[in-house]
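Look at the two complexes coming up: subunit A is in both, with subunit B in one and subunit C in the other.
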Partner chain A sequence: MSSIGTGYDLSVTTFSPDGRVFQIEYAAKAVDNSGTVVGIKCKDGIVLGVEKLITSKMMLPGSNRRIHAVHRHSGMAVAGLAADGRQIVARAKSEATNYESVYGEPIPVKELAERVASYVHLCTLYWWLRPFGSGVILGGYDRDGPQLYMVEPSGVSYRYFGAAIGKGRQAAKTEIEKLKLSEMTCRQGVIEVAKIIYGVHDEAKDKAFELEMSWVCDESNRQHQKVPDDILEEAKAAAKAALEEMDAD
Partner chain B sequence: MLLGILGMNSLDCTPATNSLIRSEADSQRTLYPYVTGTSVVGIKYKDGILLAADMGGSYGSTLRYKSVERLKPVGKHSLIGASGEISDFQEIMRYLDDLILSDNMWDDGNSLGPKEVHNYLTRVMYNRRNKFNPLWNSLVLGGVKNGQKYLGTVNMIGVHYEDNHVATGFGNHLALPLLRDEWHENLTFEEGVILLEKCMRVLLYRDRSAVNKLQVLFSLCGIHTSRLLGNCCTV
Partner chain C sequence: MDVSAGDLNAPHSMGTTIIGVTYDGGVVLGADSRTSTGMYVANRASDKITKLTDNVYMCRSGSAADSQIVSDYVRYFLHQHTIQLGQPSTVKVAANLVRLLSYNNKNMLQTGLIIGGWDKYEGGKIYGIPLGGTILEQPFAIGGSGSSYLYGFFDQAWKEGMTQEEAEQLVVKAVSLAIARDGASGGVVRTVTINSEGVTRKFYPGDKLSLWHEELEPQNSLLDILSTGSPEPMVS
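Coming up: the complex of A and B.
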């Protein structure tokens, strides 16, 4: 998959002879090397989960949040370069408050995804800007129900019922496809996401990780919030148990 | 003349252009209020805070709007009551909604309490006054956070203080004397409501811009703010 685009990869404003923009592909590699981020759309809401790789034992749990609230009804989980991700989140927050102040209603998730994608794409058009080295999974609950979008560093955004980015995305996507999401509530979804993330975590290559999860669902009153501690602990326990079962086989 | 020049720092103000420029600058700032609310009265009681205000919006001497909510909850812990220009109060509510939203989005278990909101409002009011473009309101801010009761007030020139009982407008002259006599620590909820009702009745008698429909909000220790709406007929 890796090809060196010698000479055509120095600037984001250069196409290669076979029609690729290498700088954007390199930006996507930054996302591919980060901890897994998973999002699923359940019957009654969205669940987002992040495998937060802990680089230092001295880090306090709960710090370096990777999932951010964008507005009351939507949240964003970030993969890739954390600082780039923060910029994207800041822009999304600003778009959301601006929409609300102009139109008087919370920004529809589709509109928000389009604006974020448009902003990310903007940074691939000029030679003096570099593309964002981070991809984002955006989940929200508006009048049309729960919706899940993914925005890549190239600026494309698609709507999904299940999405994963980062190191373990292939394995995660396989797991998500096995789930019957249209019949699942977010309560169950939280446990499934935990299982997936614990499952794709590579014990050999990366030592410790912290699981960060959030949801927007009927149970949370359609507000984006961190998954409550008791439910989170329940999910972690179930995930660890499932892992041990698999190891025992 | 001074007010006109303040707005035009970079332009040369010759006497001929001054009057033209001045009228433009004037339309950018509040000169006088149009739709106003009258007094707000607030007291601390044993379990929290009680606020009362009538639901009238006067247009000069006409009692034009009779269902104006001048008391609103702010975030999880506070209540705000406003007298003065209603449109400025609506703008203040927009600022507060933005403030509370950004606070909530941290999702870290912390939230702004009444003391913080009061301080924020004081800064806003005072800074607007310094630009000669005030928000034409007198605000009462009360609430309970972590068991601590707080009741304060701030007005359009930025004067602010906290006390066990506060009032705006005519309430200062008619309600506060009553409260000074009859308020004590550990008022029960019922005693507090009766006391406030007494104040509002006196205000209805004597304040020409009072209407006979009340709004009362209470804020409890440890519980989100709630409200009860009362219809009070003339006695």
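Coming up: the complex of A and C.
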């Protein structure tokens, strides 16, 4: 569904006759072509998962992290251009610490999402800036419970109970919709996210990938952290088993 | 509460008594109503309990100008914060904003403040912010020149988990005791009670307060109470 924006797509400050800003749409394509990123809100927390495509066999496992801690209580998983994503994370961290030093309490996730979205949007307003080529899924746990937000390169931000961006997002979203998230704990959620990511990974087109996961839940004491290794391994094993089951049909 | 004008020997005291007390379900803030400029009472019915938001109030002591300007700034910041958040600010946030102003401007300000309020996360809370800009969350807080006379009283009379009635009576009694002993405190007692249901202001006129040790009943003339045992002058 690619339309040619001839002439109207050269600058982010130009609208097309049918009311579109093509540069922003092209930025979104950068996100669409990246490894899948999934986030779900379970009843006791958030789980984030990333399909980290490995471009070189010489890369050290665990490097080039795609999930970043923004604050004690929140984390962000990045899709699209990695360097752009790093900027967004840096801004989010800065907003979070600044809020806390002024207001004396951890930044509410809703406020953080609004500030990040506002910043991303800012970069779509000037001709001398280009839009961010990355989208983020922000998960956090504050006084109002666990919350999940997604910020797109256009600067739009919505609150979700399940979100996915990147290559396998359509398939991932279908899988997420099947889950009964309100009854699920994060322990179970971790396994489900792993299954989804393994499931949407395209063996033919992409070679290897590394599964990166993090959570913020009651079990992690409402702190954002990498999913502990033993649970991660358990999830990977379950995901691989589920794949084999599917293949065996 | 203003520092004495022209009287170089007058003590630099915070002419006030202010109190904040938590109880089971909310907080009670209390204050006297005397604003003094040296020995002159500039305002004998002032309101030292100022609203910051619908659910957070602040007791002011020290320089009247300084405490008013701080409350104005904080009210403005909190208003913006409430709009951004989409819900009422918490007492903690209000207190933090006050202490940032107090601390960062400590060289210019002279004001001791007590913040009290109710929010849905923590319930009733009291924060004391004395002169230098320290912030301390306390079950009760006292401040102003009159508070010197109340430390022992609260040590004995304060208890955890009071009812609203008990807390209000404690506050009125305490302010009244301080007024009796502190020359820079006087007038009426004002209280503000804040809980989940909202805010209630109460007023206790000075002549309706109980009399303490050695305090005289209001008289028309002191001659009426002079002891009859003294010798009559000029009896032939």
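FYI, the second predicted complex is superposed on the first by the 249 of 249 C-alpha atoms of A that agree within 3 Å, B and C clash if a C-alpha of one lies under 4 Å from a C-alpha of the other, contacts with A are read in each partner's own complex, and residues count from 1 in each chain.
Definition applied: contacts are C-beta pairs under 8 Å (C-beta built on N, C-alpha and C of every residue); 3 or more make two chains touch, one makes a residue touch a chain.
Owing to the predicted nature of the structure, the values given are computational and were not obtained by experimental measurement.
S.K.: Go through the superposed model and pick first if A:Arg72 touches only subunit B, second if only subunit C, both, or neither.
M.R.: first
S.K.: Is A:Gln87 touching the first partner subunit B, the second partner subunit C, both, or neither of them?
M.R.: Touch status of A:Gln87: no partner.
S.K.: Applying the touch criterion given at the start, work out whether A:Arg143 contacts subunit B, subunit C, both or neither, answering first, second, both or neither.
M.R.: second
S.K.: Sort out for me which residues of subunit C touch subunit A in the complex.
M.R.: Residue positions touching the partner: 81, 84-86, 90, 92-93, 95-97, 100, 121.
S.K.: Please give the residue numbers of subunit B that touch subunit A in the complex, ascending.
M.R.: 94, 98, 101, 104-105, 107
S.K.: For subunit A, which residues count as touching subunit B in their complex?
M.R.: Subunit A residues touching subunit B: 68-72, 93, 97, 101, 214, 224-226.
S.K.: So in the complex, which bits of subunit A are touching subunit C?
M.R.: Where subunit A meets subunit C, its residues are 102-105, 108, 110-111, 114, 143.
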